[in-house]
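Both of the next two complexes hold chain A, though its partner changes from chain B to chain C.
Now for the complex of A and B:
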């Protein structure tokens, strides 16, 4: 008995030991990227998007493609060449290289999409956040929204283009004027869901300003919603631009875009199908890759998927 | 309590909310004083207006009538930025549900610093960090928790983060809105004891909002019983348990569960029916029936209450 007493002694409870968290440190953005790179499809699509983006931005610098100039117009032998080693995507009815035309068009389309999307998202999120947060403002803005949202998009777009005339910046303006309001409305609804959660009340008792409430209490919860929106917005702008160009409004003849190429080459759909299908394929690749990358990123930015 | 210095004083506080085209009166003419260093409990059933009173003190719910004075200064209306800073710093709140009252996308560091950031209550980054760590240690959490997110903590730990967030501003009065009712029974004592220790160390004053009378008896010095937005009785804790006068207080006390199953089964709960009061001609008022014991009664009831009073 005595030997047992010598061997054992009472140990005091270490109260702080029970407070220790053994789980590794959690970092939001690290988990987002970890989750994103789990998807092989997303990696492939990201790769594709980067490649397309890089070629579209760089290739036109060397080709100096001008849709108005057709230097080889008198050389009949290089009209309607099918894709070969000299002309990778073939040549069209004026003897212009489709490879040059497609990347020049892709460059315009992607630039317009990125510019219009970033303007739309910035304006839409800012207005939407204030709109959703401020109850008094909501009453008036909702009425304005109801009026504007019910005017058909095409009507507004066509009218604006006729007033402003065709042009690169005019087209971006048109795409912004018609899109930002729906983004703002969407964000408003999302903000209203989060606005009345209890921790916002806590922040009010701590004297937090509205700006800080929006930026620290509300917008961080909307990351995945905003990324989802972004992933839809870029392909949607590309398609809208293609649609407007296809109708023949928006860009002046001196600037080409994927939509314009498709509208020009649709005449050869039966005779020289590559002229139609290659621009369509590039347009689809841009849309799909941006969309899938965006969607996977949106899923990854939802902390519910983090483990 | 030797010194009876009034810290917070509510006078005829009436709070209304719009309800359809009319108004809903949540609190009717509530008046009470909270003395420095005491724990003042506000008890009543759900929807009786106790949380509404608490929120009006931290200036979330505006008053329809009456005034709230803190250290002799009216804080119920609009204040200039200097006074807002002073009131926010001096009166803080602990919230009921630790699951919803912490920002899930912010680290513990930011959550606790939020009040400091708002009024820039620190000299430099190192000072802020030191204040946050001090406040974390006070509530029994570890330094390493500073980079963690709320979802990594247990309910009791989360509630202690909520307490640390209030404490870091070094307030004088803390409105504790049912701080333990959302917690597991096994950790309620932990949080209550922490609140008591902090009160002794810092000389804090609590307004403790609760519906659990056994907890209230443990922690508070004085109790106000509120029913449908009306304070019906106010007395020192032991006086109230000894001499419950208003039938609603009696009914509340009779509902306290007993930790003995045989006694519990024999218990006869009293039901309170508001129609027993005849206030048609003889109007009631809030009267001091004996020293520091107030009750809401009319002249006739006051006579019966005085007879029933055990000295």
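Now for the complex of A and C:
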């Protein structure tokens, strides 16, 4: 027995080690980005989104493309040129460079999508958070929602744009008019789910104000849900805008957009297919890259995926 | 439950009325009136004739219901009666008779205008928009009864409802004399077999396209070319004709040809055409797309769930992402391109026409694409979630095969959210129809909405808004009632203990 005890020695207390917390360092946003950059597809799509966004915002500043003016209309040699080194996307029936037209259109489409989405998200999340938190408001807003949600969005949009007439800001208004309500409804349901959880109950008992409850306790919990919503909202707005412009009811003749280009070049669908398919491809690339980046970011922003 | 259904029905009707009223007020208040003339050839022709233009413009506004328009002669006729001495005197605008007529109309709120070039006088009175809205609803439902026809030229018109035989004596029908229609209720071999002409809807007349025809009739009458076939007329004459006897309505004076065929005044018959109406076309596509999307997505969703993580599952998920992320405009054209190059299917509906099966394939697929994605996501999600439920584990431990478990156990439960998705699919199909019908040039209601917006056909836009909204709202109601039939555990009534099921679409 004594020989076994002799093998043990007393160790001095290490003040530094006892104060050290052994959990690894964790930063939320750092983990989010780490998780995001794990996906190669997402990096590629982010790269594409950034490039498309940059070209769409910068190129029209230099090309001075104006859909009402066709400076080379009298030069027949530069009509219907297939894509080549001078005209990367070819030229159209009036001798305009399709490259200029497409990026000018993409600029409008992206601007509209971003503006409308940010308005919808801001209004939708604010109203949705209050809606989910406030039980009295629920009855009235639910009635309004039940009426509006049952009417096809495209029908409402068409009707409103018909009433307001074509125009950039009119189009933004139409795209925001009812869409925020469905975002608010979605957020409301999410808020209701976590509103009465224990940690919120404790927080409320301790006297936390409603604003602080919503902004500090509930909304951060919904980050990944909100990002998912955002990544769906942008393609949906781009799609609606493209379709309204395609129908010729959205924008005035002085502003072009991808949907409008598609509706103009549909005539050459059989004879000069590049005129039709290039705007379609750009439209799809914008929408898909934004969607995939958003979805991956939403997955990454869920702390459960962090290891 | 009955009370709840009643309240829900009332609420649905209120929703329809609210949406239609808002649409009506917005359109008639905010769409500039003069836009109607943008595509009007007549207006362009007389736009430099200041003596005729105001008369034309105001008569059009009266037709559209904006105002009451009284030109000089109509004014005199209303006050003194047609073809009287006073009426002739009144035509002189300086006469005292005209002045007294003018005074009575001014008291009613009419405003008088004089055309400088000719000295012609006319009066107009604006109708307040709320009054117009009330008028719109009060005229909306038209009921046919034996006192409808008031024809001065035919004072001895018999007024009765009776059971009679049709022209070739092959079937019986409920008929009427004195009504607008001759046949009130009749049977024939086309769906839904029993038809009626008693109650009809009226939303105003279509302007400027389909000039002067009631909008509802434009949407419901058959399209295409006239089909001739031997018809036995009431007088016994048999000729090749294109008329449909059941559509015959009252006509005040018959021409000599008609008197040889008809023995009464019901000679105003629609023609038998070879293509379905706009509404019919849209319904055919809506139903085909609905059936197609459920037939594809439920088995495929089940298959994906049972092969989770395998190639088929990944392909299905990729398809869902594709539909959400790619704009509808782009993927419909892409599918149309694939269909036409690989399978030689027509690129537009009119190229083979409505009587060829091939015309229906690509538009139906295009219309079903988004709802397939939604349903696929739902079915797969549900199947995957239920796979680890206790009742499934129990079924598996009993030794049932996977397919028995999927078909008999999980699908039974999954059918509830799937059935509840039905109204969502219908709403989606309405929105989709506006896109698809335009791209494939299908002569349906979705294309009509776009066409009427282009030419500022206000009444048509309101009619279509009403129809689409009603379909959408009623389908949500039916979807809710359907799930209570399928699953008795769901109680929709808020007041009882059961919780209202908010199935997310």
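Note that the second predicted complex is superposed on the first by the 286 of 307 C-alpha atoms of A that agree within 3 Å, B and C clash if a C-alpha of one lies under 4 Å from a C-alpha of the other, contacts with A are read in each partner's own complex, and residues count from 1 in each chain.
We take it that a contact is a pair of C-beta atoms (placed from the backbone, for glycine too) under 8 Å apart; a residue touches a chain by one contact, two chains touch by 3 or more.
The structure presented is a predicted model; accordingly, all values stated were derived computationally and were not measured.
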item	value
Joint occupancy of chain A by chain B and chain C, clash or fit	fit
Which of chain B and chain C A:275 touches, first, second, both or neither	neither
Chain B versus chain C as contact partner of A:112, first or second or both or neither	neither
Chain B versus chain C as contact partner of A:205, first or second or both or neither	first
Which of chain B and chain C A:130 touches, first, second, both or neither	neither
Touched partner set for A:150, first chain B, second chain C, both or neither	second
Chain B versus chain C as contact partner of A:46, first or second or both or neither	neither
Touching partner for A:243 - first (chain B), second (chain C), both, neither	second
Touching partner for A:20 - first (chain B), second (chain C), both, neither	first
Degrees between the directions from chain A toward chain B and toward chain C, using C-alpha centres, nearest 10	100
Which partner, chain B or chain C, touches more chain A residues	C
Which of chain B and chain C A:288 touches, first, second, both or neither	second
Closest Cα approach, chain C to chain B, once both complexes are overlaid on chain A (Å)	6
Residues of chain A contacting chain B in one complex and chain C in the other	none
Chain B - residues contacting chain A, complex	55, 58-60, 84-85, 88, 92-93, 95, 97, 100-106, 110, 114-115, 117-119, 140-142, 144-145, 147-149, 152-153, 157, 162, 165, 169
Chain A to chain B touching residues, read off their complex	15-16, 19-21, 23, 25-26, 28, 197-199, 201-209, 212, 216-217, 220-221, 303
Touching residues (chain side chain C, partner chain A) in the complex	11, 15, 18-19, 23, 26-27, 30-32, 321, 324-331, 333-334, 427-428, 430-431, 434-435, 438, 449-450, 453-454, 461, 465, 468-469, 472-473, 476, 502, 504
Sites on chain A touched by chain C in the complex	146-147, 150-155, 158-160, 162-165, 189, 232, 235, 238-239, 242-243, 246-249, 259, 262, 276, 280-281, 283-284, 287-288, 291-292, 295
